[in-house]
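Listed after this line are the structures, all set down as C-alpha cells.
The same chain A turns up in both complexes below, where it pairs with chain B and then with chain C.
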Partner chain A sequence: MTRPSTGLAYGRWTPFWFLAPAVLALALIGLYPTLFALATSFRQYNLTRTRDGFPFVGFDNYVTVLTDPTFWQTLGRTGLFFLCVMPVEVALGLAAALLLHQTGLGMLRALARVSLVIPLATTYAVVGLLGRLIFNRDFGVANAGAAALGFGPIDWLGSPTGAFTAIAAMDVWQWTPFCALIFLSGLSMVPVEIEEAARLETGSKWALLSHVQSPYLWPGLTAMLILRSADVLKLFDSVFTMTRGGPGAATELISIYIQRVGFRVFDMGVASAQALLLLVLTIVLARLYIRFFYREID
Partner chain B sequence: MRRLLHALGLLAVFLFAVFPFYWMVSSSFKTQNDILASPPVWLFQPTLDNYRQVFADEKVTRAVLSSLIVAVCSTGLSLILATPAAYALARFEFRGKADLWFWFISNRFISPIVLALPIYIIARNLGLLDTHLVLILIYVTFILPIVVWIVTDFFRSIPRELEEAARLEGASQFAIFWRIYLPLGMPGIAVSAIFGFIFSWNELLYALVLTRRDVQTAPVVATSFMSGYEIPWGKIMATGTVIVLPVTVFALLVSRHMVRGLTMGATK
Partner chain C sequence: MLSLLRHVSAAAILMATATFAAAPAVAETWDIAKAAAPYKGTQLNVIFLDRPGYRAIIKLLPDFEKATGIKVNYEIVPYENTRQKEVLNFNGQGDLSIALVDLVWIGEFAENGWIAPIDKFQSDASITDPNLNLKGFFPLLLDAFGSWGGKVYGLPFDNYSGLLFYNKCELKAAGFDKPPATWAELKDVYAPKLTDKAKNQYGYALQSLRGETQSADSFMRVLWPQGGSLLDKTFHSNLMSKESQAGLTFRQDMMKYMPPGVVSWDHAEAVNGFAQGQVAMITEWSAFYPTLTDPKTSKIGDCLGVAPEPAGPAGRLPALGGFSLSVASGAPEKVQKAAWIFIQWATSDAIAKDYVEAGGVSGRTAIYEDPAIKAKYSFVEPMVASWQKGVPEFRPRFPAWPAISEVVAEFGSKIMLGEVSAEQGSKEIGTRMETILKKEGYYDGKKPLLQ
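Take a look at the complex of A and B:
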C-alpha cells in the first residue's frame, strides 16, 4: 500500500487465477441457490402437491407474506427477543470485562477469562437440550433456584412468558462471554500511561469508564450490536431443540417460522419469499458492518 | 476488602460461564432417578451407565463418525479453496476487490434457512439428500469466508521483502504462495481450520433438513433422543458431553483468537 506504484510485479491475470477457485465455489453453492430461491419465490411451489407442476405466480407469494400477520408477529417477536437479551448481555459483559481488566489476582483472572470460551463453543443444539433439563418444571435446577428465592415452581417451558424467558436466559448465557471478550479487548487497547494518569486524577471508576475508556469501547459495541442482530435473525438451533417454537407460537422466531413453512407445510414458494425478505435485512446489516469496520479495504 | 470484592466478582464470572456446562457433565454421570430428583441432588453416586449406553448405541457412534467426516472434509475443502484467495486479497490490487470482499464477508451474516430451502430442492432433484457430500458442500459456504478473513489478515503481516527477494531469484507467483506464504501463514491457517471445524461440528439446521437416516450428524441424533414417553436424560447429557468436549478443547486452543474470529477481525 505504501509501495510506490512503479508498475505491477505480477501479470494482469494472476489475481484472477488465485481467486477463481473460491469465487467459483461460492458462486455455485452460495449464489446459485440464492438465485434458485429467487426463482422459487415467484412460483407456486408446494412439495406436497407436485402434480400441478410449479406455475409462475408473479408476486403472489410476496403479497401472501407481507399480508400474513404471523410473519410480522414472528419478526416482531425476533426484534423483541433482541431487545430483551442485548442490554443484559452488554451490561453483564461490560461488568465481566471490567472485572477481568482490573489488575491483581492473576490466577483467578486467567481462569475466569478462559472459562468464557466454554459457552461460546458449546454446540447450539446441546444448549437447547440443556435448557430443557435446567428449565424443567418438576426437577429443573432453575426452579430449585426459584424455590430458594421463595417462588413456587414455575412452568418455564409450558407457559408463553416462561418459555420466552428461558430461551432468552440460555442466549444470555451463551453470548454474554462474546460481549465480555470484545469489551475486554477494547479495554486493553487503552494506553497504559493514559489509564494510569487518569487513575491518579480520579478515584471514580465511573469517571474513568466514561471519559477515558469509553472511546475504546464504542467500536466493539457497534460490532456487537450488528453481529448479534444478524445472529438473532439466524437463531434456530438452540431454540428449536429447546421449545420447537412453542408453546403455541411463544418462541417462534423468524428462522423457526420459515423452517416450519418450508419443511413442515412444504410451501417452498412462500418460504422462499420469506427467506429473501430476511436476506434483504441481512444484507443491510452486512453493509453497515463493512461500512464501519473495513474502510481500509476500499 | 476491595480485593475480596474483586475475587468474588471473578468467581461469579467463572461460575456463570461454567455452571450449565458443569450441570450437563454432572448429569451425564447421574442415574435417571438422581436426575428426576426434586430438589436436584448435588452429591450423588456417579455412574458410567449413560456412557456405556452411548458408546454401545450404533446410532451415536455412526453420527459422531459422520460429523467428523463432514467437519474434516468441509474444513479441508475450504482451506484449499480459500488460501489462494486470501493471498490475492492480501497482496494484489485489482478492480472489484472491495465488492469481492463484501461478498465473502456477507456470507457470515446470512441465515442458514435462506440457503436451506433451495439447497433442499436442488439436492432432492440431484438425489443428494442424506449424503455426506451435500453437507460438506453447504458447510463450505460459511467456513470459506472465515478462512478468507483470518488467513488474509495473517498473510498481510508477512513482510513483503521476502516475496520481493524470491521474485528477484525468479520464483513464480505460485511458488511464492506455496513456499513462502503457506508455511509462514500456517498459524493463521491452523486457527481458521479450528474455527471451521467448530462451526461445522456444531451446525444443526442444515443437518436436520438435508439428512434423513444414513448420515445424521451428532447434534441431530442428540436432538432425536428428546422424544418419546420417557426421555433418557442421562443418555442425552452423556451424548451432549461427547459432542461438546472436543470442540471445547479446540476452542480453548484458539481462545486468544476467539474474538477476532467471531467478529471477522473488526476488533483485535
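Take a look at the complex of A and C:
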C-alpha cells in the first residue's frame, strides 16, 4: 500500500522550515536590537535632546567610554565581585552536589533537590529587598547571627566593605544552587559501573572525585563560568534595590553605571557603546573559558 | 504732561472697569459636567506614586469620573522609575495624557515640548474653570513646580516642604521645651544631649541614600541655610565658596549625632527610625505626616512635634519639593482638553478640603486658613510658614539636573563616608558639573541661564 502524497514530504528545504521560526525569533529579539545598538553607538543619541537630532559621530562614543575613569572603575569592581563570588559558589555548589549524589536519604534528598530551585526562581529585585532586610543594622538576621557569635552590630549597608560583602552574600545565596544543580547533573552522567568499580578500588573520596568524577564536571564548570560571567556583567536589579550602587560607589557595578548613563542621563549613544564593549568582553571571556577549562569526556 | 496724565487716568479707569467686570466671573459656578460633556468616555492615562497625595486623589476619583464621564487610568510607579517611564513614553509617542512633573523635571519636559503651557487651554472658556484663580496657589509652588521660562505649564498637585519632626517627649526629658530654632543650636545644644550611642539613641538623622535622596535631601539641604549654593550666577560651581564649605562641614560634624549607616538610609528608614523612637529629630517632607500619626506605622503618638526646618546664617531656607500635573502635548487634542479639565479639578479650591482630609497636601492657600484644618493637622502651620519664603532653585530645575544629580550623589556619599574630604569632593563635583553644563551650551551663550 502506498502512502498518498500530501505535498509535505521531506525535501531539501524541510530542515530550513523547521528552523525558520526559531531563527526568525532570535533575529527579532536578539539580532535586531544588537544591530540597532551598534548603529546607535555611532550616533549622538540623547533621548532628552531629541531636538538636536541624532547626528553620526563616528567613534566619539567609544572614545568617551574608553577614556572614562568611572567606566574602568566600575568594570574593575565588577571583576572583583566575580572573583569573590564565583569560587565560593563553585565550592559550595560542588559540596552540595556531592552530598546530594550520595545514596540513601530518599525523601530528604528529593526535598533538598527541589528546594535548590527556590533561590533561582526568586526575582532579582526581591533578592535585593530581602538583602536589605537581612543586612539591616538594627533588626536584620545577619546581625542577630553576629550577636549570637559575640560580635557587635555590623553596619553592613552603611559601610563600603559591608555593603560589598552583603551584595556578594546575596549573590552566593541565589547562585550556589545553580552550580549545585549543574554539578549534580555532571555527577549523574558518570557511568554507574565505573563509579562502583572505583569505589571498590579506593576509599578516598578525593581520589574518586579527581580521577573519576571530575572529567564529567569540567563541561558543566565551563558552562557555569560562561553564564555567570555574562550574568555578573548585567547584574542590576538585586544590587540596585539593595544599595543603589552605594554607599559612595562601593557597589556600583558596571551594569548600574550603564543604567545611569542610559536611563538617568538618557545618553543612549554612550550607553550602547558601553553595552557593546561588554558584549565583546563576554565573548572573549567565553572563548578563554572554553580554551582553558573545557575538556571532552574520553 | 496733561495729555500723559489723561492717558494714565483713562487706562486706570479702564483697568478698574475690567476688574469690576471680571469680578462676577470669579464667583461664577463651574458646571464641570457640562464642560466635560463633549469628552465623555475619554480615557486619561497618568503615572502616580505610592504616596499619600496620590492615595488621596485616588479616593476622590470616583466623584470626578461620575460627574464627567472621563475615565482616569493610573499606574503606580516607584519614584526612581517615574522619569524614565515618562521620558520613554513621550519619545515613543506613548499613551500618557498627563505628565506628572517633579519640580526638577520641569525644565527638561518644557524645553523638549513634552508638556503644553496652560495658556493654550486657558483661552478656551468652555473648558476652563472660571474659579481657576492661579493666584490662589502659593506663589512659590506655582513658580517652582509649574513654571519654566516665565510660562506656566502645570498646576501644583503633590506639594512638600521640608519640616522638622521632633519627639517632644525625648526633648522634654533632655530639658528642652521647644524645638531648635537654628541649625547651630540643633548641632551644638540639642543633638549632644539627645545622643546616647550605648542605648542606640541618636539626636538627628538625615536620609542620605545614594540617588536623589543624597543629592536633594541631604547635600542641597545643608548648602542653602549656610548661604551656600551649587551654582553661582554664571552657572559655575559655587561649592568651593566659604558658605558652601561651611554647609558640608556642618553635615560632617553632625555625623557623630546620626545613626551609623545613615549614608544608606532612604526616607523609609529615616521616618521609621524616628517613628520607633531611635532618633529624636528628622528633617523630612511634610507628606510623611500621615505615616507618623498612624499608629500602625508609628509608635510616637502624642510625642510628635512639627516645626519649620531650623534657620541658618542665611535664614530659614527649607527643602522644597513637589509635583505638578501638566497636559502631555503628544496626546490627541480631545484628550488634552479632557486632561486639562481633570488637572483643574484635582488642584482646585473646590476639592482642596476633601483632598487634605484624604491625606493629600493641597497647594492652595485658602484651605490652610480654615481653623478646623489648622487645628486638626499640626504640620499645616509650619508648612505654610516654610512656603512663604524659599528658593525655587533649591535644586536646579534645568534639563542637566539628572546628570548633575548623579555626580552629586556619588561624591556627596563619599564625603559623608570620609572617602574624600569636603573640599576634594566639592572640587570633583564642580569639575564634572561644569563639563556637563559646558556640553549643554550654558557657557557659550547658546542657552539662557535658567534654573
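Quick note on the criterion: the second predicted complex is superposed on the first by the 251 of 298 C-alpha atoms of A that agree within 3 Å, B and C clash if a C-alpha of one lies under 4 Å from a C-alpha of the other, contacts with A are read in each partner's own complex, and residues count from 1 in each chain.
Rule of thumb we're sticking to: a residue touches a chain if its C-beta (ideal position, glycine included) is under 8 Å from a C-beta of that chain, and two chains touch if they have at least 3 such contacts.
Treat the numbers as computed from the prediction; the structure is a model and nothing was measured.
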Request  = Pick one for A:50: touches chain B only (first), chain C only (second), both, or neither.
outcome  = second
Task = Pick one for A:64: touches chain B only (first), chain C only (second), both, or neither.
result = neither
Note = chain A contact check, chain B vs chain C, more residues touched by chain B
Inquiry  = Looking at A:114 after the superposition, I want to know if it touches chain B, chain C, both of them or none. Which is it: first, second, both, neither?
reply    = first
Query = Between chain B (first) and chain C (second), which, if any, makes contact with A:246: first, second, both or neither?
reply = second
Message = By the touch definition at the top of the document, which applies to A:165: first (chain B), second (chain C), both, or neither?
response = neither
Ask   = With the two structures laid over each other on chain A, which partner does A:138 touch: chain B (first), chain C (second), both, or neither?
value = both
Task = May I ask you to decide whether A:155 touches chain B, chain C, both, or neither, giving the answer as first, second, both or neither?
result = second
Ask   = Looking at the overlay, does A:264 come into contact with chain B only (first), chain C only (second), both, or neither?
value = second
Partner chain in contact with A:26 - chain B first, chain C second, else both or neither = first
Query = Which chain A residues come up in both lists, the one for chain B and the one for chain C?
reply = 47, 138, 263
Ask   = For chain C, which residues are in contact with chain A within the complex?
value = 84, 87-88, 91, 108, 111-113, 200, 209-211, 214, 259-265, 278, 399, 402-403, 405-406, 409-410, 413-414, 416-417, 419
Inquiry  = For the complex, give me every residue of chain A touching chain C.
reply    = 47-51, 137-138, 155-160, 163, 243-249, 252, 260, 263-266
Inquiry  = Show me the residue ranges of chain B that touch chain A in the complex, using the header's touch definition.
reply    = 3, 6-7, 9-11, 13-14, 16-18, 20-21, 23-24, 27, 35-40, 80-82, 84-85, 87-89, 92-94, 97-98, 100-122, 137-138, 140-141, 144, 148, 160, 164, 167, 173, 177, 198, 201-205, 208-209, 219-220, 222-223, 226, 233, 236-237, 240, 243-244, 247-248, 250-252, 255, 258-259, 262-268
In the complex, chain A residues that touch chain B = 3, 8-11, 14-19, 21-23, 25-26, 29-30, 33-34, 36-37, 40, 45, 47, 92, 95-96, 99-100, 102, 104-105, 108-109, 111-112, 114-130, 132-134, 138-141, 143-144, 147, 170, 173, 176-178, 180-182, 185-186, 189, 219-220, 223, 227, 230, 233-234, 236-237, 240-241, 254-255, 258-259, 262-263, 268, 271-272, 275-276, 278-279, 282-283, 285-287, 289-290, 292-294, 297-298
